[in-house]
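Labels for the chains are A, B, C and D, by order of writing; each one numbers its residues from 1.
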Amino acid sequence: MSHNTFGHLFRVTTWGESHGPALGCVVDGCPPNLPLDEAFIQQFLDQRRPGTSRFVTQRKEPDAVKILSGVFEDDRTGGPVTTGTPISLMIENTDQRSKDYSEIRDRYRPGHADYSYDQKYGVRDYRGGGRSSARETAARVAAGAVARRVLGKDVLLRGAVVQIGPHAIDRSRWKWETTQSNPFWCPDPDMVPVWENFLDETRKAGSSAGAIVEVEATGIPAGWGAPIYGKLDSELASAMMSINAAKGVEIGDGFAAATLSGEENADQMRAGDNGAQFLSNHNGGIAGGISTGQPVVVRIAIKPTSSILTPVQSVTRDGEEVDVRTIGRHDPCVGIRAVPVAEAMLACVLADAKLRHRGQTGR
Amino acid sequence: MSHNTFGHLFRVTTWGESHGPALGCVVDGCPPNLPLDEAFIQQFLDQRRPGTSRFVTQRKEPDAVKILSGVFEDDRTGGPVTTGTPISLMIENTDQRSKDYSEIRDRYRPGHADYSYDQKYGVRDYRGGGRSSARETAARVAAGAVARRVLGKDVLLRGAVVQIGPHAIDRSRWKWETTQSNPFWCPDPDMVPVWENFLDETRKAGSSAGAIVEVEATGIPAGWGAPIYGKLDSELASAMMSINAAKGVEIGDGFAAATLSGEENADQMRAGDNGAQFLSNHNGGIAGGISTGQPVVVRIAIKPTSSILTPVQSVTRDGEEVDVRTIGRHDPCVGIRAVPVAEAMLACVLADAKLRHRGQTGR
Amino acid sequence: MSHNTFGHLFRVTTWGESHGPALGCVVDGCPPNLPLDEAFIQQFLDQRRPGTSRFVTQRKEPDAVKILSGVFEDDRTGGPVTTGTPISLMIENTDQRSKDYSEIRDRYRPGHADYSYDQKYGVRDYRGGGRSSARETAARVAAGAVARRVLGKDVLLRGAVVQIGPHAIDRSRWKWETTQSNPFWCPDPDMVPVWENFLDETRKAGSSAGAIVEVEATGIPAGWGAPIYGKLDSELASAMMSINAAKGVEIGDGFAAATLSGEENADQMRAGDNGAQFLSNHNGGIAGGISTGQPVVVRIAIKPTSSILTPVQSVTRDGEEVDVRTIGRHDPCVGIRAVPVAEAMLACVLADAKLRHRGQTGR
Amino acid sequence: MSHNTFGHLFRVTTWGESHGPALGCVVDGCPPNLPLDEAFIQQFLDQRRPGTSRFVTQRKEPDAVKILSGVFEDDRTGGPVTTGTPISLMIENTDQRSKDYSEIRDRYRPGHADYSYDQKYGVRDYRGGGRSSARETAARVAAGAVARRVLGKDVLLRGAVVQIGPHAIDRSRWKWETTQSNPFWCPDPDMVPVWENFLDETRKAGSSAGAIVEVEATGIPAGWGAPIYGKLDSELASAMMSINAAKGVEIGDGFAAATLSGEENADQMRAGDNGAQFLSNHNGGIAGGISTGQPVVVRIAIKPTSSILTPVQSVTRDGEEVDVRTIGRHDPCVGIRAVPVAEAMLACVLADAKLRHRGQTGR
């Protein structure tokens, strides 16, 4: 993956800064004649809006997307459709408060990219984290909406949080509908009050918590991906690890697969009405880099944010020791926000794989 | 990452099949004037040779590498040096036994790519796993040797196995020297006999085990990588997930970071003699996609192989149910073989990041 | 080159439509700490503004560029500088008149992409040529300005028109200063009135003319480019041929080189005060794909536009024969407008080559 | 295009040196189930064999190609077919005579890349031109054979030489069959004896001549290519300019288009039995970067070689003036050898465009 562009046929390039006037993306290689309008994209951005719960950042960002190119409508198209040419999306930033960050101008916030940026470039935009801010994900969520059109109605993409801090869900109680009725995308009804308590205490203590996010795509046919470097799981790993604060990615059983024996881990097959039927999905829908037709299941570990109220030891640009305490508007758990982003990444990678498969094989 | 090519400035393309006459790679963009000869590359291939222990595949493969291009020597160069033009490496395959696989010609081995390949291409080379065989890694290990030259002597790359099946090492007993004195690259002396027993039993039972591999690079300066999609951890995730049988990748604390609080996870900084000194390395040497100057630490989960002697349920190409029992020469734990490959991947990604950083910033 | 992105380290992606609300580009991989502000970029856009002579399109487009990201300023940077992160540039479109094109909604204008687009996508944005409009070049000219900063003050980029229709300049009368004092970038004072007459008659007749543009870069050191596919002339050919209406690209003597003998074409070398001195530049500054240190000279052939007042034979979407006569605002010679674009392309390709050379060799 | 790799879906990477033991290429992304064997590829290599006339290099190179991977055959495939996985081709070099070049070890041959290489890399493989040798084209011709399979039987690719030195053919006498009956791929019977004389004299004088090559593809449907940077003519320009000694590329009327008026240059359309019918092909089969369905016509200018027997002025590595006279085995006109290479490049670019079009649109 190159700088700020990912995908091969369905290519996405993002641009913009959290505290700049706008951010956006260019989606290139989208098939023509797919219905696409701003309302369709907006619904996915609204999902990720902060301020929808007391557990996420208290900044009000309308995040209204505009389509600048690549879509056309006249009386014959039956609504706005993609033209096949690049689709440019833009989201204007209406909520910016730079003054919150003056105290950290010369201080490196531990765990952030501050120190690394200075080392790399010799110049650093310290306002709101500059380009490493979580807000950059709005552009990706918008791109993910376009990808969903490419995937079509038979593909269902869903996401959930499966662990916050040390509190993991009970997978046997998993209900997808539950994710829509709490601010954590939690699929386990019993865990919701536990997470509420935990995050309230975390927030009051000025601390932060990590999370594990799981996303799934069903309705993906077998055959997408490529054997080695174009491996579908390889592309997914890259996309997910690019999410802010991500420190781990696993597919299917992931790290747990290492503990199983060959028999326990095998996804055995039986004859079914519609061809081969799998008896399990340890592989998470991908084998040998190619989709098997089973649900594609990916899990991402998000570390806790460092923007906390408790002073931590750091150094200034000139090498002096200092304690850093950031007063700003921050999430006690940024992992929750990663759900729509991870779904968007899954959509983009799968859309790219779909088009590449069609390009190489005609199917 | 594109099909069978990875990297941007330091680019590697591999080719070949496990049971074909040869395999190799093209390494493109290597700086000129670096010392490089076949002996230097060969040492890394010999590390991964099977037959060096009863725990790995019983196939004798000399794996002798030949340099076909990109290196030049005369009386003025002081030994063979890279010319800056593409380096082509070739490894001839002297040990091939196709007949072992006739029984599985029309059967899908669970967990292998067999079913997926047929679905994608409609044609499948069933001999020895074709391109998804672990042997393809020889080409990558060779490329990794070239990458090590690019990184230079100040960079130290090392790898170890930290878990086999359910048996994890005790990290407090970690000794890097120990990895050189047992066939598992195990850094914990106490765990060696445990793994020996476990794998003996696994092998006799015709079963297989998974593993977790850890690789580390020290001597990496801060500043390599890029902010978002060219993120160093993103590139590493992609490279590692492309290793045969890999199902998970984590950096630093990885999935464990999700359970920590912000204070526990922060890598605090103090003033040191040589600039900022970190008090911990939860980040695994990467923050915001850019190296911090700390050791880069990556962990890969390898699932157990499916080529086992116990019959498992599968289907044939025509949809009939059948039990598959493969008699061949297989590893009870392919994860052990992943160590040199993971080191090679780490080397290639870091070499590419080094050159890109130098290209963009001049440093 | 991929869809709408070109370059490898210094990467440019453009987006937008001539008749959409805005267009722009993302410039990625720019080194940090280079001075950059909107005024610097604007000067190059103003060069290409139509309405500056009666020989170019009569549409008033202010083309004001905005920098949305990638540039930062505080009291320590000494003015706005690049941060090393992606630079997003946007140009809003204040002059749109779609109604001029209603007559051609279902007609294919010969020589335009109309027919090809319908065949490829099945849907076509017929307003003002959609994405194939010459106005898209504003984004490229803006990107070229950033590239000039990368190249630095020692590199001088200049362009001229050397032929309009059948009227070629006399190269022995070439004066670079003359290009600044006429609306054609003509370097031959004697040819200016000839072109004025010719284009006046062309315009009155409702006809159009082609042109040949020449751009040159001096101050380029030897060594930029790569041996085969990263060949500097190969990259230039691609970039120049992507200019609207371009039908040919040549380097140095170009097609004329085919008529010369080996002795006539050789760029002989003598010893000079600063190393090797060339006695001629038939190669146009590039040999074996790598810059020689001599001026890089590229020539582009631009075909005449088809938007003419004389009816021409065409067909409608439904296959009916029809005559097409376009009444709009068009250039009698779009080739004149290609000069700033060709300079911008030269700048971008050279900037990319500079960074790649530095990345691979450290120089 | 990146270093030594070109194409996006149908990707070709070449490797090897003229005087090394072997050279080859990896063709990646080829659709599965296409018939492919060594004999099919060999026929195109034999076309380019030197020694078939006294006008080309007197080196005997069997150039036998071997398929190392990506092709499979059993009793069900009906002959060898592509598997969809990377196809590795290798050509061993059985004719090497390095000693011919000792005299030029420290001398820069004018017009060659010698000086540029030293400036770029600081080290140079002086044997036989190293990587810039024309022999590297064997790998491309082999890749072109695979591309032809992708294009299928409806596409016809042909090439010819249209000018040698100052002697251009008369296009009104063009007969494709004639190209097969003389050693110059000359389509004009009357020009054959003229070229024979001319090249005999050129050769005796120890001089060399340039040439212009023309290649054409018919049977290409409309719609291949992309609007701006993925423009089909842009990709072709890049591929052709990468041919050794190429100095110019033009499509359709090319540079001549600049002299025509809009009416003269327009490809007018009439209704035909099979949709739109064009009345001319000034565009050379491409408009707006996308194929029109007309024959794709490309012309390449090849400069004369510099390896001539007449001493020319040059400098040594240490800056001393010297005369260089190369005694080796050289073509008086390398342009003739460019015909199969240009055809191969045309095939590869079209194959890539075909697959990308299918990927994006499903057609």
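FYI, contacts are C-beta pairs under 8 Å (C-beta built on N, C-alpha and C of every residue); 3 or more make two chains touch, one makes a residue touch a chain.
Computed from a predicted structure; not experimentally measured.
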{"item": "Graph distance between chain A and chain C, where chains that touch are linked", "value": "1"}
{"item": "A-B compared against B-C, more contacting pairs", "value": "A-B"}
{"item": "Same-residue or different-residue interface between chain A and chain D, half as cut-off", "value": "same"}
{"item": "Rounded Å distance between chain B and chain D, as computed from the means of their C-alpha atoms", "value": "38"}
{"item": "Whole-Å gap separating chain B and chain C, where each centre is the average of the chain's CA atoms", "value": "45"}
{"item": "Separation of chain A from chain B, taking each centre as the mean of its C-alpha atoms, in whole Å", "value": "27"}
{"item": "Shared-contact residues (touching 2 or more other chains) in chain D", "value": "2-5, 8, 29, 32, 84-85, 120-122, 131, 227, 361"}
{"item": "Touch list for chain C against partner chain D, complex", "value": "1-6, 8, 14, 108, 110-113, 115-117, 119-122, 131-132, 136, 163, 165-166, 202, 207-212, 221-231, 233-242, 246-255, 257-271, 275-276, 279, 282-284, 287-293, 301-306, 308, 310, 312-315, 319-321, 335, 357, 361"}
{"item": "Complex contact set, residues of chain D against chain A", "value": "8-9, 29-32, 84-85, 227, 355-356, 358-362"}
{"item": "Parts of chain C lying in touch with chain A, wherever the complex brings them together", "value": "2-5, 11, 13, 15-17, 20-24, 26, 28-29, 32-33, 66, 68-70, 72, 77, 81, 83-86, 88, 90, 120-125, 130-131"}
